[in-house]
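Working notes, beginning with the structure itself.
When the chains are written out, they are named A, B, C, D and E in that same order, and each has its own residue count from 1.
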Amino acid sequence: KEVLIGGAACETGMQAPLDTPGINGAKVAVKYLNDEKGGILGRPVKFVNLDGKSDPVTVGNSALEVIAQGAEFIIAPCDFDFGGPASMAAQDAGIVGMSLCASDPLFSSWSLGDKQFTLSMWNTTMSATAAEFAYNEKGWKTAYVVTDQIIAYTRSLSEYFLVHFDAIGGKILLEDTYTNGDNDFSAQLARLKALDEEPDVIFISSYGIDIALITKTLREAGITAPILGGDSYDDPSVWEALGTKFGSDVYFVTHTWMGSAEGHPDMPEFVKLYTDYHGSAPDTAFVATGWDTVMLFAQAAEIAGTTDGAAVAKALEDNEFNLLTGDLDYSNAADGHYPYKAAALVGLTEGNPSFLGWRNPENPPAP
Amino acid sequence: MKIINNENTFSILFFLILFIIIYFVNFFVGSAIFERTVTNLFIYIILVVGLQVFMGNSGILSFAHIGFMSIGAYSSGLLSMPIKMKGFVLRDLYPIFENVAFDPILSILIGGIFTAIIAAILTLPLMRLNDAAAVISSFALLMVIHSIVVGWSAVTNGPRTFFGLPKATTLEIALIFSFLTVIFAFIYKNSKFGLLLRASRDNDIAAESIGANIVYLRWFAIIASAFLAGIAGGLWGHFITSFSPKSFYLKETFLVISMIIIGGSFTVTGAIAGALLVTIGYEFLRWTEKVIKFSDVITFEFIGLTEIVLSITIIIFLITKPKGLFPFKEIGDTINKIIKKE
Amino acid sequence: MKLSCEKITVDFVGLRALDQVSLSVKTKEILGLIGPNGSGKTTLLNTIGGQLKPTKGNIFKDNLDITEFTPQHRVKNGLARSFQIVRTFDSLNVFENIKSASLVSNMNYSDKIKFCDEIISYLNLDRIKHVLANTLNYGDRRRVEIARAMATDPDFLLLDEPAAGMNDDESEILLTMLREIPNKFNLGILIIDHDMSLIMKLCDRLHVLDSGKTIAEGLVDQVKTHPDVVKAYLGEGFKNENA
Amino acid sequence: MFLQYIVDVLSLGSLYALFALGLVLVYGILKLVNFAYGELVLVIGYSIFLLKGSPFPWFFMAGTAIVMSIVFSIFTDYVAFRPVREKSVTAVLITSFAFATLLQNAALLLISAKPKNVPMPSFLSDSVQFLGVITPVRNLISIFVTFLCLIIFYQFMKRSTLGLAMRAAATNFNMTRMLGIPANLVITSAFAMSGLLAGIAGTLWMSKIANVFPGVGLEPLLIAFIATVIGGMRSVHGAVLGGFILAFIDMSFNYLLPQDILKFRDVFTFSIVILILLIRPQGLVKGPATGIRT
Amino acid sequence: MLLKHTLEKDLKMRMLEINNLQVNYGPVIAVKKVDLFVNQGETVVLLGANGAGKSSTLLSIAGVANKLLGKVEFSGKDITKFSPEKILTLGIATVPENRDIFPDLSVKENLVLGGYINRKKNNILQDTIEEVYNLFPILSERNSQVAGTLSGGEQQMLAIGRALMSKPKILLLDEPSLGLAPTIVEKIYEHIEQLKKNTNLTILLVEQHAMKALSIADRVYFLRLGEIVSSGKASDLKEKTDFKKIYFGE
């Protein structure tokens, strides 16, 4: 009997740009497992994703649906708000659920249960990396922070940045908020302009195309400070929207680098597999999260010798894994399944990304 | 006044039997997904029948209903959420709520009452508006409620997912609540208040001229309607256990309004029929989507197809039956007629 | 009992629709309100029914000043009306139309139902008792409106062109019905109509308006030949026909 | 700062006003809210997006997109309004919403769920600076185009009996035809004009947000909707005024409200809507009187 | 006295002719079988009890009722399938039973729309409006009032005035005296006579008040339950007839 991997990731709605690459990556991994590795535990692997539609309720329904069909592993959307319901369903069914890339520390065994994981580093790591890059490497002493209120991810990303930037000596000039989908930033702009000094760096914690929109608005208003953000920037449509005109002096922290073997020695091989499968090369690091999610489950199941939820969870807790998105080591359930992981740093020039290397923050803030 | 007339009795009996049949069908199917669908259906029946109490009898389209539902869902969730979960979900919660964790069903009832109180306060001045102004003000009310839910992070977790509610709503509970709702709707419709409100729906000036106080009639109806929406919200919240403000927004509003209009808003039968029909349609399409996805036959992506088919069906349906399936007559009237003929 | 208007004036934008009109109706009396089109008859009825507030003047039910009362409140004080443009409750059946009106009266429930049934059979509506109002023809609708007004158990019945759209035979039947109502139900009637044969046969007294002013009032025979009335309203033709 | 504020209000307001005018054309006449109105912006966005690879100049693409907007507006009439218009007002509400859902999901199915970049000529986002105001050229163009459109529109409506015929056709379709007025054509032309205005406004909107996704229509719809309610649902002047007032309200809230309260901005905006409905159900500008008699 | 439908087709020009007309509203058959004609310059009146199908017959000529069967000819042209707007353009104007004025438009605007087909000819439009105002002076006083707030009778006048605006060749009048004061009724009938004389207007009239209508009519048709049961010269019926018998059958 085949091993069914069930997905409730979002193919439509605001979450789609982050989840769809993951789904695509996962498909490649499934094919690879079946073709090259004889499946998982000798059983063929099948992956079915039912669209979660960027709506927690639908995500929950989809997860239940795939579980009812016999799924033994759940792939949850890339975010706590959307992914949580899928993991809760998985937890109820006693199987392991893993988010493609939820990075909010809320996505932990504390809140979801002892069989739930996220593949991503937590925002503690992501924000600390950004803060240290700004202050230590670039010498930017003052920051202006805009937080999108839309999901837990955007909020906690800012939160940890504020804490860490402050902790290592930086100065926050102003914290500002808005909610995704507001197409008007005149308020934020007005407040920014009212500051006595221009900030050295602007940290924008937002989501999707809004990143480009805010950046554009800032630049159009004559503000030239560099822009810094998290993995949601790792989205080619954002880069395209920024274009050559606005796509410079933008930096972000993400999961890995797809462009070359600098990201990971196996990367070129993955890129080739991916290209063979989908007909075009991967364009964001999020495809790697999909591949890794499936491979991680496969490795853990092989170690455990079973797909049983508790056993796989234990295997995940007790071992270290070498992944395209870096080396990963989970803490045990009592400590929240903290993902010990490094972060990749990428910069944009005229809309084109370039790899700045792996970073590992020294003292990330506590979750 | 004699409330349980023939029409009421037959209709209520009919739905009692129907609900029990559905219950037993579920029992024999025995699938978790099916049970989930049926439970959801019963909750929707509460919602749509509750909407019918106001909208059907007063003739005023109300958009605010889903907003009331969200008040019920959030307030009951706030009351019943285990203290530990509150630490995760609502980190800025006001201290008075921090140590509250009531029984879920009690919370749902309190949520319903709370919703009714809020509705009573908010809607009284709006009840004198007619036509477009009334519809639009209810739309604005939905937006106000939605924006408050989105903005008031301390108790709702803002636009983010509100989770951690105990799963307390079972099929049986949903069934009982929805049956009570149906009984209430029928009794109300044929009561003095219901009749006068229906009169005012047809002609407000004439209704005033026979002594109807339209503002209070409407007000009473919308409070009752909001109470039911609040209960439905609470039940739904304790069934789904995690949701976000988006779960109570335009798409859901139109889903509910489609249900009532497809069924026929003037009748309780219509409201139930609409809920049934749309749910069946929706679930059928979802089922098809799922079967196709699992079958490996069709590999291209067809996201959005469900909605497309559903919208086309709704349009075609409304073109052929613009007044709905049960425009004037309750099922009980028809049964009554058949019986009398024999 | 007595219903009276005192010096009612109603102004619309750029138009004085009623100018110091006073009239009164007593129980068991039928007063006809006639006048050319646009002379303010319906406007007066609207002020009495409470659908319109007079600019000046007062309305009394016996000694009670009801000028500021809402329409609902007036119903409770014994006023009921029909409308020039029919306003039946179209999605309710005939019985419900009438029952809804009886709900505000002070009777107990079973009396109310009995009373409704009495009115229904009095106005020959039994046949269509369970028919939805929106499928009725014009004449039936008019009678449903009258029945509905009567169901509130009023002291005064205000009727606006109840015979409009009826042919000669139908207005004849209506006439016989209306004539009996004041005594049978112990109330007074204020009626507007342009069907002069109905009005002349039905009314005890007439009140004539022209351009918002009273031009004549009194017993039917006096008013009928009043030169102003003939000139403004009845026309020479009428005089000839009835001569 | 103050001048900046004025320019911001004017440029945003002119966009809002155009959107509102397009909506009120259908609403004020048919007394029916066209919930598929926002989808015209979607049509505009995807039309330009799909023409991206073509060799045509940008203005040609925009022109084509506006034509598509007109076509879809007329299409809305045929699919969602015409068949049910006479029979049930509430049904129209649902059919127009269903039609909107249909278009959104068609975009989802045929194009993509992801936001797509809409190409815009780069001069639109060049900033200009005058009197201490920094603003992209786009904003000035919005103001100019809107005023031009308004002038043309008013002149046209003043000179033709079309406006009258539209209102007549909406109140009593058959009677209108019995007067020799081609009522169907008249209503279609209302939708066409609505599509044209939404098309122009939508293009300007696209130049602002520069991307298109299936849900893009909601915000313009809400804007148009609120603006018409504030200004007056039965009056074209009211709608235009409402657009500017809404922009003024939004901007003032943006500039004045502290952050914690700003997130409740929509609460205030919609409360204002409700207040206006309570005090003046007709909106600030009354529009022609209605013939409702007691 | 019953007159059979035996009137010879006279040599006068045939303006309107209906053959074997059948009209339905959903399941309701409102008109079963109607044959009638109207000659140029004639006034023909259609009598019958409530619900006999008089209004439906008029509406089907105007092109807005659902014709199941039959043929309508105007000046020899088959107009059965014509659209209402086309029919008006041919010169057939209708005053419908429930007036159907546009309540939200002003009196003037209602009249302007009545003259829609002459909208390009400004002077004709103005003159016709003047004519209507002369006929109904109260309308000119109410010129800019929205029509819905007019009194019942004023609305009726407006409906008639509006129909006259298109300068029709034939006027279909459905109960024009409804709700009108006796003087006005007289005036309207006078005016109709006048128009007949001056412009050779043809009229098809439906009335509840039979005697009044017969006084100006040339010919009469009786309708019972959707069928023509009798017809004849109006002058033959001038003395008191028991219409009830004809309306309802013996």
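Here is the rule we use: a residue touches a chain if its C-beta (ideal position, glycine included) is under 8 Å from a C-beta of that chain, and two chains touch if they have at least 3 such contacts.
Here the structure is a predicted model, which means the values were calculated and not measured.
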| item | value |
| --- | --- |
| Smallest count of steps, each to a touching chain, taking chain B to chain D | 1 |
| Topological distance between chain C and chain E, in contact steps | 1 |
| Longest centre-to-centre distance from chain C, chain (CA-based) | A |
| Whole-Å gap between the CA centroids of chain C and chain D | 49 |
| Mean-CA-position distance for chain C and chain A (Å) | 77 |
| Computed distance of Cα centres, chain E from chain B, in Å | 51 |
| Whole-Å separation of chain centres (CA-atom averages), chain B against chain C | 44 |
| Two or more partner chains touched - positions in chain C | 51, 85 |
| Contacts with two or more other chains, residues of chain B listed in rising order | 150, 205, 303-304 |
| For chain D, residues contacting two or more additional chains | 108, 113, 214, 263, 293-294 |
| Residues of chain C that touch chain B when the two form their complex | 49-51, 70-72, 75-76, 80-81, 83, 87-92, 96-97, 99-101, 103-104, 109, 132, 148-149, 151-152 |
| Residues of chain B that touch chain D when the two form their complex | 61, 125-126, 129-130, 132-133, 136-137, 139-141, 143-144, 146-148, 150-151, 205, 250-251, 254, 257-258, 261-262, 265, 302-305, 307-308, 310-312, 314-315, 318-319, 322-323 |
| Complex contact set, residues of chain B against chain A | 31-33, 36, 85, 88, 150, 153, 158-161, 163-164, 240-244, 246-247, 289-290, 293-294, 301, 303-304 |
| Complex contacts: residues of chain B adjacent to chain C | 1-2, 192, 195-196, 198-199, 201-203, 205-213, 266, 328 |
| Interface residues, chain E side, partner chain D - complex | 62-64, 83-85, 87-89, 93-94, 96, 100, 102-106, 109, 112-114, 116-117, 119, 146-149, 162, 166 |
